[in-house]
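Shared between the two complexes below is chain A, which pairs with chain B and chain C, respectively.
Moving on, here comes the complex of A and B:
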């Protein structure tokens, strides 16, 4: 037991003049023990087996090998669904991001003093965030039919929920000093918000929107799996028919698109903040 | 100039009559304050932290309300003002803060132009469409505090002293009759603090501006202000010319604590 005693012992530092400073106990050892325990439990529950991973890894490479070289001439069939995917994510991102603004304002403590309304909005949004986009898309296909509309709707809802959360947290950390200054010179709350809060938020908000758009392009790519349109539909089909070289072409074009969009987004986000 | 206010009966722009302020928790920040200030006076309010300096200065533009008594500013009873009439009243009173309260992510001129926002339609301020007269007014205000060359620099690129000057320019662009300054030099180094105090004195003389300033540095208060008001536990314990402040006066204001002795020693 002396090991544990040493582990949790309170360290004391004695200064040259005899004064003793007690260091507070570190919680790191406890956190590590708990973390190790949970890793063990999750391995047990999920039946994770390293040997299976090693034994069967070659099959993974078999499929990858089959994708090379991609069927370049298949590109003409990929363009349309690829553009659908980008359109879905762009439209969904814009609608969701714009709709998020008023709700973010209402959800932030420093602007909205009405705690009941604030908490209702927050609860609704945390429920909304727990719904995976894929599930929302699936439900949307049941209601609005198969196609890009369902996908756009799913992406709109996802963007709406996530931007509201990011933005209201940003609003709460905003400096209220300039707001006070605006009130002191005779501005209304709305005028003070426009002149003192919006300039602080705008760059971060636009950066959030770009980041969300980035994520959405990747999400939109798989939405086709549940029939919500876009490139995912094509990918699913080609994989199911074991036309791996065509699936390879789909993946290649998706990869290039995502890289282009991400680097553009990253460039603009850097300029914003 | 010293003591001139003692002989002028008219032209009182600020009048505290038996004003008290009790915070909801029961703390009494101001006790039966009687005070008259004339147009063009430069008043420094000194006292320990928590003595009520901030409450006194913020009562004048009703950033903090009072609970008892009558406060008259520019001929209006401040107690009664609210909503639109309060905002209109505040247009004539400038305020400068310890932490400058600028929007750091935007340019200096936009910060100064913010003082025009209450007079323009919302959509114009949202799109940043300021009129040419407003821009000229803002640039002239910046020129008056000597930082015209920084007009199109982002506010967070400036030093503390320059930021406070932007805040002063924002107030000037508002064409106020009174400027209230709540610890305007507390976060500045001693040299910059003197420069900003110099700006205040120049504005006071050039525009016959009433300036009321809360300040911790007794030496600065005595060097720049014409009149000094000492507050202790919400009560005015000294009110007179800066030249009349003695060691005994300071003893009374600061309750004989040793803190100020060092400060005075430096002065």
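Moving on, here comes the complex of A and C:
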């Protein structure tokens, strides 16, 4: 950044006492020009066309209108996949969150001194994190067949990767004083870890888990699209058959569920921190 | 000295019963949720698929990975990034008025509550639902992807914008008022500097997420890396699958690194 700031002649201002100060030029114009260039390229590549959008925008509301009012009597068919979705994300979140703990400890700099192992774990996890859940689920359906197992596996892997990252960053910022104090009193490393480090981490860790569960419910709802079980399968089917009022019912129940889970999770997270 | 330590040790709250109850509850939850999981064993030929994907990753289709035609991975990466850039930009701009409408410290409760409900709805509905709706408007292709990302981005971007708007320091605006500034000057010198860094960093963060989302949207036919991946998988062309997956991983890793670098720069000022 400082390179760009010094690239252009700085504006000189003479103060009333005769002193000359230099004001660096703002880099905003350069950033704007570069951004404008990229936007132009993007518009060319994606075929973005405002006229099409304005002319055909009413088609967007077609499906939306067809969804209202939802078919309320369809609710009885939705409960089962809805609970499947919640169960998938719950199980995936719990397994992923528990499995993340040892790896997060191994990936943190202040606990694990072995830099080779630490870096290997970190690289593997950053690669795991880059794969979107839906694509993991897609691959899982090819290996384990269509069904809830593939979806749960995808959610587990996602939770595992993301909680490991959040947790090891947390472990690295932990206060090591109590840990050293306990060690000097004669406690073993494990004892000191349990008594001095865990109480510092537990509230944030649980808050992460709840947050992840919240995200996972939303992800689990789309996994059905690649055949990995849950409510997405039903939704995809209803959309494909153009039974929009039924799809509207599915979306409505999903919305209510997510709002309930979100507000519960927010309440507990507030209590935790 | 020793007595003091023992007393403190014995005075700590007893949490054993509570912990056991929590553990039991968790075990019950796991049991309850495992009832939905049907494990039918590995799919017929599943191990074969896994082995083939591994082989594809190690030995990707080099023609596809480095070709500069419209089917090649480099062009697909460019397309994914273009979709993400436009989608994020439009979403970020649309999110500004929405988040001002939703902030509790500026708007009456009814308006902010209503806008919040709208935002929750935007965030809940899966992106591919919007994708299908926009395909009606723009036809299958990257344009539909841009529109979908723009709409779905509003949800999360607004949520983060609202937080920084609700943290606005009003003292600064009052002192500018006292100095005799007009509304435009108050916005320029009192509000923009407070919000700009947070807004920028949120937008860049969302761009990072959108690069991932753009690759998913291909699955509904809205451009990007997803559609060729799906085709390659259903046709069992594993070396192509490997090439596309490698492209995806490299793209996301680079964008993630760049985004976190810029955001730390912004946070330090």
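Note that the second predicted complex is superposed on the first by the 228 of 273 C-alpha atoms of A that agree within 3 Å, B and C clash if a C-alpha of one lies under 4 Å from a C-alpha of the other, contacts with A are read in each partner's own complex, and residues count from 1 in each chain.
To be clear about the criterion, contacts are C-beta pairs under 8 Å (C-beta built on N, C-alpha and C of every residue); 3 or more make two chains touch, one makes a residue touch a chain.
Fair warning: this is a prediction, and the values are worked out from it, not measured in the lab.
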First, second, both or neither for A:183, with chain B first and chain C second: first
Touched partner set for A:24, first chain B, second chain C, both or neither: neither
Contacts of A:59 with chain B and chain C, given as first, second, both or neither: second
First (chain B), second (chain C), both or neither touched by A:48: second
First (chain B), second (chain C), both or neither touched by A:152: second
Which superposed partner A:69 touches (first chain B, second chain C, both, neither): neither
When both partners are placed on the shared chain, which of chain B and chain C touches more of chain A: C
First (chain B), second (chain C), both or neither touched by A:255: second
Partner chain(s) touched by A:132 [first = chain B, second = chain C, both, neither]: second
Overlapping contact positions on chain A, where the chain C interface meets the chain B interface: none
Contacting residues of chain B [partner chain A, same complex]: 61, 63, 86-91, 93-95, 97, 99-106, 110, 114-115, 117-118, 122, 125-126, 167, 170-171, 174
Of all residues in chain C, those that touch chain A in their complex: 26, 29-30, 32-40, 42-44, 46-47, 49-50, 53, 78-79, 81-83, 85-86, 89, 120-121, 123-129, 132-134, 136-138, 141-143, 145-147, 212-213, 215-216, 219-220, 223, 226, 229-230, 233, 245, 248-249, 252-253, 256, 265
Touching residues (chain side chain A, partner chain C) in the complex: 1, 38-39, 41-43, 45-49, 52-53, 56-57, 59-60, 62-64, 83-84, 86-88, 90-91, 94-95, 126-127, 130-132, 134-135, 138-139, 141-145, 147-149, 152, 218, 221-222, 225-226, 229, 232, 235-236, 239, 247, 251, 254-255, 258-259, 262
Chain A residues touching chain B - in the complex, by the definition given at the top: 175, 177-178, 180-188, 190-191, 194-196, 198-200, 203
